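Notes follow once the structure below has been shown.
All chains are identified by letter, namely A, B, C, D and E, in their written order; residue positions are counted from 1 within each chain.
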Amino acid sequence: MVSVAVKNLSYEVNGVHILNDISFTHSSGLLMIIGPNGAGKTTLLRALAGLVKFRGSVELDGVRPEEYRRYISYVPAQPSLDLMARGLDVALAMNYRPPDGLWRERFLEVLGRFGLGGLANRPVISMSSGEQRLLLLAAALSRDPRLLILDEPTAFLDVTNRTKVIELLQELAGDGVSVVVATHDIEYTAVADNVAVLKSGRLVSFGPPREALSEELLSDVYGISIRRVDRNTPSYMPELLLKRFSK
Amino acid sequence: MRAGQLRWLAPPILLALASLASVSIGPYSRVGLPQLVDLMVGHDIPSTYFYIIVYRLTRTAAAIVLGVSLASAGASLQYTLRNPLVDPYLAGVASGALLGVTLMIYLGRVGFLELYAAAMAGGLLTLALVTVVSSLAGGGASTFLITGVAASYLLSGLTMFLMIDLGPRLPGALYWMFGSVAFVTANILEKSAAVAAASLAGLLLLARKVNTFMLGDEVARSLGVNVSLVRALSFLLASSATSAVVAMSGPVGFIGLVSPWLARRMYGSNFTTVLPAAATIGATLTVLSDIAARLVIYPSEAPLTAVTSVFGAPLLVYILLKSRSEGSW
Amino acid sequence: QVQVINRKLSDISSSVSNINSTVMSEVSSRLANESEYLGELLSQLNTSVSSQVAKIRGEVSGLEASIGFPVAIVDALNQTVYVPSMPHRVVTLDPASTEIALAVGAAGQLVGVDNDSLVYLPPPFNYTINKLYQNGSVASIGSTWSSPSVEAILALRPDLVIGTAGWGYNNYIASVLSQYGIPVLLLPSSSSLSDVYKSIIMVGEATGHVKDAVSIVENDSAIVDSLESRLHGLPEVRVAIILWVNPTYVAGGGTFQDNLITLGGGVNAFANSSGWPVVTAEELLEVNPQVIILMSNGGLFNESYLIQWLNSSIGPAYKNISAIASGRVYLVEGWYESVLSEPSVLAPYGALLIAEILHPQAFNISSLPSVISPSTLGVPGVNLEGGPA
Amino acid sequence: MRAGQLRWLAPPILLALASLASVSIGPYSRVGLPQLVDLMVGHDIPSTYFYIIVYRLTRTAAAIVLGVSLASAGASLQYTLRNPLVDPYLAGVASGALLGVTLMIYLGRVGFLELYAAAMAGGLLTLALVTVVSSLAGGGASTFLITGVAASYLLSGLTMFLMIDLGPRLPGALYWMFGSVAFVTANILEKSAAVAAASLAGLLLLARKVNTFMLGDEVARSLGVNVSLVRALSFLLASSATSAVVAMSGPVGFIGLVSPWLARRMYGSNFTTVLPAAATIGATLTVLSDIAARLVIYPSEAPLTAVTSVFGAPLLVYILLKSRSEGSW
Amino acid sequence: MVSVAVKNLSYEVNGVHILNDISFTHSSGLLMIIGPNGAGKTTLLRALAGLVKFRGSVELDGVRPEEYRRYISYVPAQPSLDLMARGLDVALAMNYRPPDGLWRERFLEVLGRFGLGGLANRPVISMSSGEQRLLLLAAALSRDPRLLILDEPTAFLDVTNRTKVIELLQELAGDGVSVVVATHDIEYTAVADNVAVLKSGRLVSFGPPREALSEELLSDVYGISIRRVDRNTPSYMPELLLKRFSK
């Protein structure tokens, strides 16, 4: 169980403030970061993965991200893979310092869950958008990380695969892996252990979804009225869209 | 499975055969395979024969060291800078070495070891300079590219100024420029091989880290690979291996550019596989080219770059045309 | 005493070989076709004489060797080259070394020369070396413009290798050969006559022909001295030597040609630059030489080519160049080209040649031809058919 | 707004000043700015002065044609092949031209027009060959890269073999290799300028299409740009412009590689802006370098590549260091 | 109003059948293509944009795609932009053959709708994933296309921007632009004029959403049980997820 403790995190580039004095502690399980485009989600993930120089502190299991990288798997939203590399090449590259000899089995197992075992021997360039994402997810998991950082893991995925990914992340969280995910699929926040809501580089809410989220907060953060779709399921949808649907 | 094994065994076997040919074949036709066998089984052979065999052995070893170094350096740089046009001379070590050599000739200091030392020093100084400037300028892949290119041009520009003053002494510098393993002495081979081996060992140690570059800088860094450091180190090690062999045999072209391409084409993207494969292919190409260099305009020696280029280029185009449908270039 | 014996021995040697080569060949050519029997007889006679000659030669050189060898010579790289005994299998690496080796009388010891020596030597050396090559006693080791084959040299089992330091791959070849215990003598790469003299003496010492070397140097410096007195008091002529046109290379200061110009009573128009600068037509107009000496490069260039080039650059302005205005452009052809470009034994004749061009009146030449070649202009002391007497 | 205008006006103004200097400065010291002014205001000057001015004008014009062509060709190829290491000689036209020239000197044919025609023919034949082979092999960006590199090596290999046989005639070919505008005649300039102008006009017409390459091949094609055709055409036009100036002045280096970098650095990514900007920068750098070539080892003419490199490289590194923080390389 | 008529379209690569005998006619408005990852959506879009050689026929307003490109804007799911290009550079490149001088205004107007006017002068590399997508959308629209082909235009977008994009597409459709979109956001199909459902390279359903879609069909296509979330809004959600939410 890796705890993620962020204290007074700020980040700016060329005088533009991207992240502003962010503090929270996520002690275990699945953390979902939501917020509008440009809110700073990706930047926050990169800070957690030790990829940017920031002010303030981040501690993963008590140490700085740089020292914890051995145990982190990070998948960016738009990775720039070598398009000629085959699936197994990508997984091997991810396991450049293999903790054990089982990475290949784990990789193939995850691919298998999505019915994509065939990707192992195909070059990235021949894969569909969704297949590329799942390949990278499988490669990231093959490292057997303690902390998994995923930027928009459900983008490009169909509903089935999205669901399977959410399932997988919950399983991992259950197995003691800490998972931090940035996403725009606010309806999935229901399954998170913690939710962090960013707006213009500030943390406006943090905590378990039932406490941290509300129609008011979301409407405020996203700038349009957002309603729970159905009182039985804690899913949210913009009112505008709801109206359109019922026209 | 058979075909698979062959794919892995072919390069080392070819290299072994090429090396054997290289020791058995030469303009002095009285020394061939039979004499080599005689020597190996302990029969007496004339001392001239013995000298010829020793000479050919030295030159073959030099070709192998040269091929392995250039191909490994080329592969490392192409991977770490993610640009297939990069060759081992990117850092400008060839221009630096040539400047060293030309300067010595210009100053009239033409002792063989002096020239060697000047070439080595020129290469390593250039390398150090480029690394320092690139690091000051941020250390990104394109910074290395640009600084290296700038240094190459600067140094060859300076060399040209010296060259036009050399007059009849020009060929001494010029043919050094064309490259050859015909004049490598055991003494110098040892020195160069030691530097190259140390550098290549470093590259081999880095191979798994370099392999992560295919995931993009961002992901590689997240894995704990110090991308800038690995890039700078690969740059240093690849260039120092190049420096070592350039000082020994001049800047032989084509091998360092094309061997990684062939290796990738045959063995995929994995750098941990491509590195040794490229090295073996590079060595084989160099040894074969050197055999041709002795024979093709006998009794003169042909410049090695001329041979690698004239024979290598059609090979490259052939492979290119063959792989057309597979679309994997 | 030793010297006297030596001179006697070499007299014998040379007279015997004279009999052998001149008399016998003449007799045989006249008589051979008269009857087969006579021919056979003559060839028998020939062989017996040659074997005697060889025997005497062997004795002579044995004696010479016992007198002069071993020798230790400090070469151009300041390294001591040790020649243990009279060398009999000598290989030369470039035309300058070959020319010097031939000049000091080491022709009989040569077993290999570079290919360019077979092409670019002036007479009489070109006749000598080509004869040796054709009758198989000398092999080619390849061209210096690429590089000779080390294996070809090793295969000749040389006991002495001579080359000019810094020329082509010579230094590299030297270091490889020394691995196999073969002495390699590297001569200074010449930019003046004194370097040439030094080289001649070094080769003489290393091949056991010191006397001949000394007498060549004496003869050469005598020519230069007499030239000096002949030109005494004459005004210096500003001259440009053009080695190649478009790009136009001229001889600058500090070069071998610069040295020849000075000795020939001129002043190099490009003396203030070093090496072999490339100059433009504008430049030529600026320095305004009184005489232009143009190298034909084996027929590639001539005066009209030069004028065409000048005209295409600076138009009719070229007519203001003094050498052109006064018609003093001279094209050098034939083996005179190598005399003016190769720093070697014949260099003093190069100085003579330049002196004749710059100061024809001092040599009583009434009309100087515009094409300077062995057939149009003689040099005092030079046999036009076969080179220097 | 003032600074903005300056940014646009600076390059042409600099070029004009450089050209003026180039016509005023030269070894024939009696012709300088005053004489030039005399001529322009209609005063009588000696005919010799007039011819010298014409000569310098020709040479300056040649430098401008050279700079414009190389920079435009370099920019076009860097954009269409999306690789910043590409220079105008990628197609091997320089090697082809050098082979032509060397062959003529080898054959003893040194007429100006013969040499020029041989260089032009060598360049264009190479270009045609590379284009045909690349197209056969699929016509992708990397195919052009690889075939071009292979051709360059092959032809310079062959040239080396010839050079070895040139013997003492080597310097004639060698200087040609280093490049210079000192020996350009009006006659040849006209021909080269015509070919270059036609090619550059073609590139200019293609500019808006080439600009779409920044969106990626896929998007560019969707816009109706025939990506393979535009790539092949740009390759042909850029290389034929290069061929034309190489035949005139030899393969001058650095300009074609670095001018597009500088233009991009100053004017952003738009090819329609970068192309003329690079051309102006290239011309200015070449004219300035040519002035330096006359002076730097006076009275000898320095090889132009030596000057462009020695002066250009530090400039490049300076700009690189300055732009460090902006991270835009 | 551009009609899109596809007849017996098939496509294969290296012997793998990617699209199989697809026929449909979309006469105007918004067409949404849905289907699982790897179903062939992207391939179909590329065929419509004239980017692949296929068997069968595609007619846009009666002509082949190659002849219609002048009027098409296509935005791929993962474009490979020059990262140093600025926003306006990208728009200018898109308008390489400008129909009029108004492209810049249109570009800035669309950016403005998303509050992203500042992107015009910033290099692509400094933009967040969502910002990059919107930049490209704005650039594509600045061409004033008659046919707009978008591959997963809502990926990487927050709910607000997704809604705005859907709004925008509906507006365009209303203005006579034909819009073809591949998407995984099946809940948005409600606003489409036509829906095409792909499965393993085959067209399994086509028509207006109320006719073409059903819980059964979607459950079959995606391989998991999918239910309408709320009878008032025609939004779909995997049952598995629904269960998870209500646990």
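Observations on the model:
In this text, contacts are C-beta pairs under 8 Å (C-beta built on N, C-alpha and C of every residue); 3 or more make two chains touch, one makes a residue touch a chain.
Chain-to-protein mapping (UniProt): A, E = Putative ABC transporter, ATP binding protein; B, D = Putative ABC transporter, permease protein.
As the structure is a computational prediction, the values presented were derived from the model and not from experiment.
Here the chain-to-chain distance from chain C to chain D, counted in touching steps, is 1. Chains making contact with chain A as well as with chain E: none in this assembly. Within the contact network of the assembly, the step distance from chain A to chain D comes to 2.
With centres set at the average Cα position, the gap from chain B to chain D is 30 Å.
If you average the CA atoms of chain C and of chain E, the two centres end up 84 Å from each other. Chain centres here are Cα means. That of chain A falls 45 Å from that of chain B. Chain B and chain C, compared by their mean Cα positions, are separated by 40 Å.
None of the residues of chain E touches two or more other chains. Multi-chain contact residues of chain C (touching two or more other chains) are listed as 143, 145-146, 275-278. With touch defined as above, residues shared between interfaces to two or more other chains in chain B number as follows: 164, 171, 297, 300, 302-303. Pairs of chains that satisfy the touch definition comprise A-B, A-E, B-C, B-D, C-D, D-E. Against chain D, the residues of chain B that register as touching in their complex are 83-86, 133, 136-138, 140, 142-143, 145-147, 149-151, 153-154, 156-158, 160-161, 164, 170-171, 174, 178, 253-254, 257, 261, 297, 300, 302-303, 305-310, 312-314, 316-317, 320-321, 324, 327, 329.
Residue ranges of chain C in contact with chain B, taken from their complex: 77, 79, 115, 139-152, 154-155, 157, 165-176, 179-180, 189, 255, 274-278. Those residues of chain D lying in contact with chain E across their complex are 82, 208-209, 211-212, 214-219, 221-225, 264, 268-270, 272, 328. In the complex of the two chains, the chain E residues touching chain A come out as 13, 35-39, 42, 77-78, 126, 128-131, 134, 151-152, 155-163, 166-167, 170, 184, 186-188, 190-191, 222-224, 226, 229-230, 232-238, 240-242, 244-246.
For chain E in complex with chain D, the residues that touch the partner chain are 46, 49-51, 69-70, 72-76, 79-82, 84-86, 89-90, 92-94, 96-97, 123, 143, 149.
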